[in-house]
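Look for subunit A in each of the two complexes below; its partner is subunit B in the first and subunit C in the second.
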Partner chain A sequence: MTPEKVALTTTSPAPKPRSNGKADNALAAELTRLLGPKKVLSNLSERLNYRYDAIQFGATPLAVVLPESTADVVTAVRAARAAGVPVVGRGAASGLSGGAAPTSPGLVISFTRMTRLDIFPERREARAQAGVVTLAVTEKAKPHGLIYPPDPASFRTSTIGGNLGENAGGPLCFKYGVSGDYVKGLEFVDADGGVHELTRDAYDLAGLLIGSEGTLGLITEATLRLTPPPKYTRTLMASFPEVGACAEAVSAAIAAGAVPGKLEFMDQACTNAVEDFLAIGLPREAGAVLLVDTDGDDLGTVEEERALVEAACLNAGGTVRRAATDSESAALWQARRSVSPALGRIRPQRMNEDIVVPRSALPEVVREIRALGDASGLPLVQFGHIGDGNLHPNILFDPRRESPEAVHDLAHQIALVAIRHGGVLSGEHGIGTMKRAFMRDAVDPVTLGALRDVKRALDPTGTLNPGKILPDEDGTHAHP
Partner chain B sequence: MNHEIPVQNIGPQGEVMAHAVDACVHCGFCLPACPTYALLGDEMDSPRGRIVLMKEVLEGELALADAAPHLDRCLGCQACVSACPSGVPYGELITSFRGWSEPHRERSPLDRAKRAAILKILPAPKVFSLAARAGQYTKPLAPLLPAALRAPLDLLPERVPAMQPSPRVTPARGRRIGRVAFLAGCAQQALAPNFNAATLRVLARNGIEVVIPEGQGCCGAAALHTGARDEALRLVRQNLAAFDPDEYDAILSNAAGCGAGLKEYPVVLHGLPDEEQARAFAAKVQDISEFLAGLLRQGDLEPPMPTSRPLTVAYHDACHLAHAQKIRLAPRELLRAIPGVTVAEVPEGDLCCGSAGTYNLEQPALANELGVRKAGNILSTTPDLVVSGNIGCHTQIQSHVRRQGSRVPVMHTVELLDLAYRGEL
Partner chain C sequence: MTPEKVALTTTSPAPKPRSNGKADNALAAELTRLLGPKKVLSNLSERLNYRYDAIQFGATPLAVVLPESTADVVTAVRAARAAGVPVVGRGAASGLSGGAAPTSPGLVISFTRMTRLDIFPERREARAQAGVVTLAVTEKAKPHGLIYPPDPASFRTSTIGGNLGENAGGPLCFKYGVSGDYVKGLEFVDADGGVHELTRDAYDLAGLLIGSEGTLGLITEATLRLTPPPKYTRTLMASFPEVGACAEAVSAAIAAGAVPGKLEFMDQACTNAVEDFLAIGLPREAGAVLLVDTDGDDLGTVEEERALVEAACLNAGGTVRRAATDSESAALWQARRSVSPALGRIRPQRMNEDIVVPRSALPEVVREIRALGDASGLPLVQFGHIGDGNLHPNILFDPRRESPEAVHDLAHQIALVAIRHGGVLSGEHGIGTMKRAFMRDAVDPVTLGALRDVKRALDPTGTLNPGKILPDEDGTHAHP
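Moving on to the complex of A and B:
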């Protein structure tokens, strides 16, 4: 019997899979010595699984640490520093910009076992370790009449550490803000292995770490703000013959004074991919579908806002359907959350954009992008948090059929559309390696210099997640 | 997922596997659905991780022996399939992979003997019944035995019932509205003969003639899912010969695992000459609950009698019904058709009970952990009765519920229906 089998014939609690101790490099051996075999993965089969996120495959790490405490993180960071290898933080690896995929062999610290979560209802706060799954915060807060609003579509999988690493948003961000807006304090480990406790005053260093994609420090714990959920929510779905009309309806509804809780759209290809998965009767023929929640504590206002949105949709040539029951609206929102992976049914690979444009420019932008897609001959789909002007144009491709250069070119053109209309490159998914090449288009050289200075100040040796966000200084930048 | 799997060297099953790997966009949506990920919290024991491991082995980047421990921990519950918006056929991937890799595996003699014994005993009802009886007498010795031998004993009911022979043909009672073929099953005949008896009674009462074709055997699922592909092919072909789909309105199974196995025949035979035949066969296969719910919807199901007092029934979704066959509504509709029954939803209902075919025997520690969790979740609904549609789940749940000190009856969906018809609820 192999050691594996022996380990598994003991009774509960479930034994953690054990590395068989065959550390095949010095770093793995040293980490195993320091932390014990349970927390260190060193076999090839284990390490191969910590080289990707939801968009990209990177370099196979030399070792993986699954810390259970901040102290473990400190030990791991110090060992990697001593070995002179990079350190990449990893949550659930649901990231869409290559953030958690290592650019060179080093150490991956995966937070999935740091899952302590305490709720302090009287202070409306949660204290969460980095590996806590996002949805778990709301689930644990709900009995106290509280929720944690940031709701990325990946919230059943993604972790608080990864959400803060990317400053993730979700449908609720239109009215309620993104992850960073709910952070009251952070504990993080720096590139030297020092532990820091941050609040949001003085220099807002916590704010700087949020969205820094693990390049400035590793977040180990966060104090999060909780809020009571709105008393009433009403859901509607509108379908439009064409994407631009959908964007017009959104602009008009907001101009009329509606502040919906959620405002999301998906185009025809998205709707069809999701319908293939869920079969809940989404309108397959519509050029675009809009999903809207209006919410609040006053039912009259909630209904009024829904009427405003409805009128705007009808005006723009849309057809409106109200969700009659809670389960109907739950199904519609599950549909929206499933868009991204459901696109895999069309092509196995995709280039995922995450642009944000001013709302006034929305109709023009979605139409321009549609036209670019049509002209390129590549399958291009659009969806996103349209209320925020946050669009996710996705280029779907099969590397055996479509040329990566053509994909990259189209992605670049889309980025330029956003910039031309006064928009930015990333709303929530981060820059990672995917959009690093476009940073020079989006950020002026002086500002880029300031960003580099910040990175140098916090991570002088370039240990933390190298090759992400900032393009190389010599002017070359690797294509994704 | 990009891959370089040498499909041409592997053959038709290589196509099946390459297609599945290709379809995965590594989004991680399946992670929270996976029981082993829930218990172990690492990527290698998640669906996404396993897909990568299989890809690496098929591409020759990783030794099979290195990937095997993680692949062996997969229950085959297919919860990941239900959770996957990209439509990755994970079930087909792992089954094909196990079949492909088994001949390349190095196993200890003890391991081999154990597997051979399982594959011999499980599909042969008479042998199983004998073994179960022998086991029943050995039960008091269980604490003295090594864990690997203890696990199967732990699962045996206190009393192993006598085998009940099933008639070849059960005529419809009253107006005959249909004719079906029935797969009698293997272990189930020994452990819970009343499942079949109740099934025949309920069908007959509703005007359905039931034929148990001669020459049928085990569905082959156990062999298939443990990688014994040749044995599985033999059983599949035996059943294709025994059941002529043109003769029946439907081919029924009352065990979720077997039903799922029968529906898988076209994948097993993918690229082989009898693939078409398997397709015609699989098109007729239905789970008993699916078939009866069909009658209910057409208004053809005789209404069951009301219960004597209000009953809370905890319905357990067997993985091979809910995930593999996508049947969730039908059994609930049938239960709700009994006046006086309220169906309770089990928390974490989508998480496997840990039974999963031969998993209990091969991964007793993980299986036990899941069994404890499932029983706790079921009991938290304070049910009067527990119902499921699969013999494996039945045995596992019954044994864990008892261990947690509850005497609540655990039944098959048709048993409950049968009791309701007889006014015994």
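Moving on to the complex of A and C:
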């Protein structure tokens, strides 16, 4: 079987559940004995719910632990080690790269009950357990005049542990940075059940854990940096006859000195999918829609930046609409956040890419990807954080209608476009299972060797979330 | 010999130069053959200049290479590996932890000729070779309306490679972050001479290299993020009868909502040393002097923040003076940047600590350290980036007058004060040789084990800058 075939087989929506045999029961029984019945899910019907994230199906776990403390995590990891099965961490499972979907039957640790959250206004810090919902940090910090800026689209449901595991971004990351930029320290449990409390001095092991998708350790708690929110925000929407013109406007606006808080785009297929879903009057005929927030503490600067963006949009042939009210602004951003559910109505599955290219290459890259999509005949939409050059080309498919091989081939061609233009595979979703086949194109063998050395150093037995990020060493892409 | 004795022996100002024997010549001769005579220093008189950084003497290198390209670095590393000698990277050697001082004779690679610097305004990025002087980045970016914020005190001489090796901070890092926060990607040469080009996705190996002091690889180039400078800056100086009151004012100002760009303090001994050196009218009688910049794009906010800081200073019993002109502001900051040379006039050597403690613990910590200094009878000064809780207690000494053991004991007690208050050993100078004996107090054995695993994974033969950061495994602190 080719690597491509195997990778896509795992996206099949209905894997045959493993029988609940003797070995399964032994691990679940041992965990129940150690942690009590309330912290362990052992029935097949329960375990089936822990085999997927928001984009990928994986193997049904043998047991699911719902820890309430770091000590519970240690107990669970040690039991899994003793049983010789892999360990996969999981937050809200809203991830978009398969990071939380097990590639083989083992233990899933779901952090949703670890929700302790303390705010320290005098230090501008929060301490959050892994299961704290992202938005909850800002909600609890707001009375103190502080926010936690990282804002992945799923921030109403996603967790801090999941966000750090994937080093999640969001619209605000163009100006304010990604999740990892807000981490002052963290606690993690290693493959042996050892507990590490890390700051970010000496070797930045914390930074290495962030974005490692649970393959080097399980993040159990983190100390997060909080900041005051900007005083003023202004929103505008621009529409363009063609996607490349939108990318040109973005490049020109930034070159002119604008640093918008958010800079998001959706192509025509994406805009129409959202409009079908929300019916809020988005311009269906536009080749691309651009959503922009400028923000800051000085209203003059905020409006000057909006004017720079407007001028760049008009120059590139766009039409501009300012959000007149806060509720109009909120509706526009609701549109952007609804992309994922809207696309789910078109096809049951999608191959979601997360490329980042130099901003100057944006016009060419979005045009090339559009042309590849049109040539393939597969439904392809593009949207993303265009300010960072972070694009999300999504191939929508139904395995009963579209060939998984064709989907994978198109995804691979798109990845190669990004790499050819000096880009990278993942801006914010992680590599997971979805893109690990492309890591060979993106990372030279010498550096891939160094990444493997690091993985082996911290997880010599390969217990932690196997089958993610790194392609298999023998050159195939076997899937246990 | 005790660990303490050995560590301090290396600070002796006059190590006996090794004889320029046959082995020495063999490496230097081979490097000269490979790279040509202009890129290799092989005379003892030349090599002697490459055995120290700004704080620590080390071993005289067998040969010094001045590479002009990454390929030269690869050649040099491979030759050193073949000769079985260690490799130590070096920028301007302005470091303050002994990071660039070799602990045993080997190859020193001095990056000062690798000074290529390109600015990409449309991407808000710079690409700098390791030997680029820190200030040069901002100087070349400024015509494009951009700056590179990290501002270590030595930024007129220090290099990007050295800054990244130590993850250097500076006054602006309270508001704007440390060097590593501005790195979008980097190139490094590994212990085998392999070249790696890293972005910051997947495993953040770049982040791991940053701050690793050349012990995991040699950073040869980096892509740096540039930002527009703040439009307005206001400077004030406050003086306090006592250091603890100064720390209380800082905590209160930040709790009240001020986010100054810079927040620096100097205690009485430090202020007097600088005044002796510069004679600019600093208040000699004050127990502590605080220097503050508030900055931003909204003048109202900038002045409001200055007012918050002033109020907090007055409440804590301080006296406040506003800088009326830009030149007065520049003179005040010149005072802060002159601390290192001013202290060098008091004693020829110093043990420079770099602790970071929670801001709420600052008043107690500075008072405890002052009391320890007074009890020891050793000259002790305190200054630092008090906004971050990043303090630099410095013990000044002359090995002919003060006992190195007493110096080390006091330094150890100060490190323990920081750790007891939930602090860490290094905010911006790195661990180097100076503080590695204290790593056992700061980092639990489980995590120390993980750091060792990472070091072994990337440098299995221990070729790269041995004797830095990690304490020796056997519990002693042997010094080859």
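Here is the rule we use: the second predicted complex is superposed on the first by the 453 of 480 C-alpha atoms of A that agree within 3 Å, B and C clash if a C-alpha of one lies under 4 Å from a C-alpha of the other, contacts with A are read in each partner's own complex, and residues count from 1 in each chain.
One rule holds for everything that comes next: contacts are C-beta pairs under 8 Å (C-beta built on N, C-alpha and C of every residue); 3 or more make two chains touch, one makes a residue touch a chain.
These numbers were taken from a predicted model, which means no experiment stands behind them.
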item	value
Which of subunit B and subunit C A:Glu46 touches, first, second, both or neither	first
Partner chain(s) touched by A:Arg322 [first = subunit B, second = subunit C, both, neither]	neither
Touching partner for A:Ile431 - first (subunit B), second (subunit C), both, neither	second
Contacts of A:Arg33 with subunit B and subunit C, given as first, second, both or neither	neither
Partner chain in contact with A:Asp201 - subunit B first, subunit C second, else both or neither	second
Which superposed partner A:Arg420 touches (first subunit B, second subunit C, both, neither)	neither
Subunit B versus subunit C as contact partner of A:Ser212, first or second or both or neither	second
Touching partner for A:Ala255 - first (subunit B), second (subunit C), both, neither	second
Shared contact residues on subunit A - subunit B and subunit C	none
Parts of subunit C lying in touch with subunit A, wherever the complex brings them together	120-124, 145, 167, 177, 180-181, 190, 194-199, 201-205, 207-208, 210-212, 216, 227-228, 231, 251, 254-255, 257, 259, 296-301, 356, 358-360, 424-427, 431, 439, 443-444, 446-447, 449-451, 453-458, 469
Residues on subunit B engaged by subunit A in the complex (per definition of touch)	1-2, 22-29, 31-32, 39-45, 49, 52-53, 56, 61-63, 66-67, 69-70, 73, 84-88, 108, 110-111, 146-148, 363-366, 368-369, 372
Of all residues in subunit A, those that touch subunit B in their complex	1-2, 4-5, 8-17, 41, 43-46, 48-50, 52-54, 57, 66, 92-94, 110, 112-113, 115, 133, 154, 156-158, 273-274, 276-277, 338-345, 348-350, 399
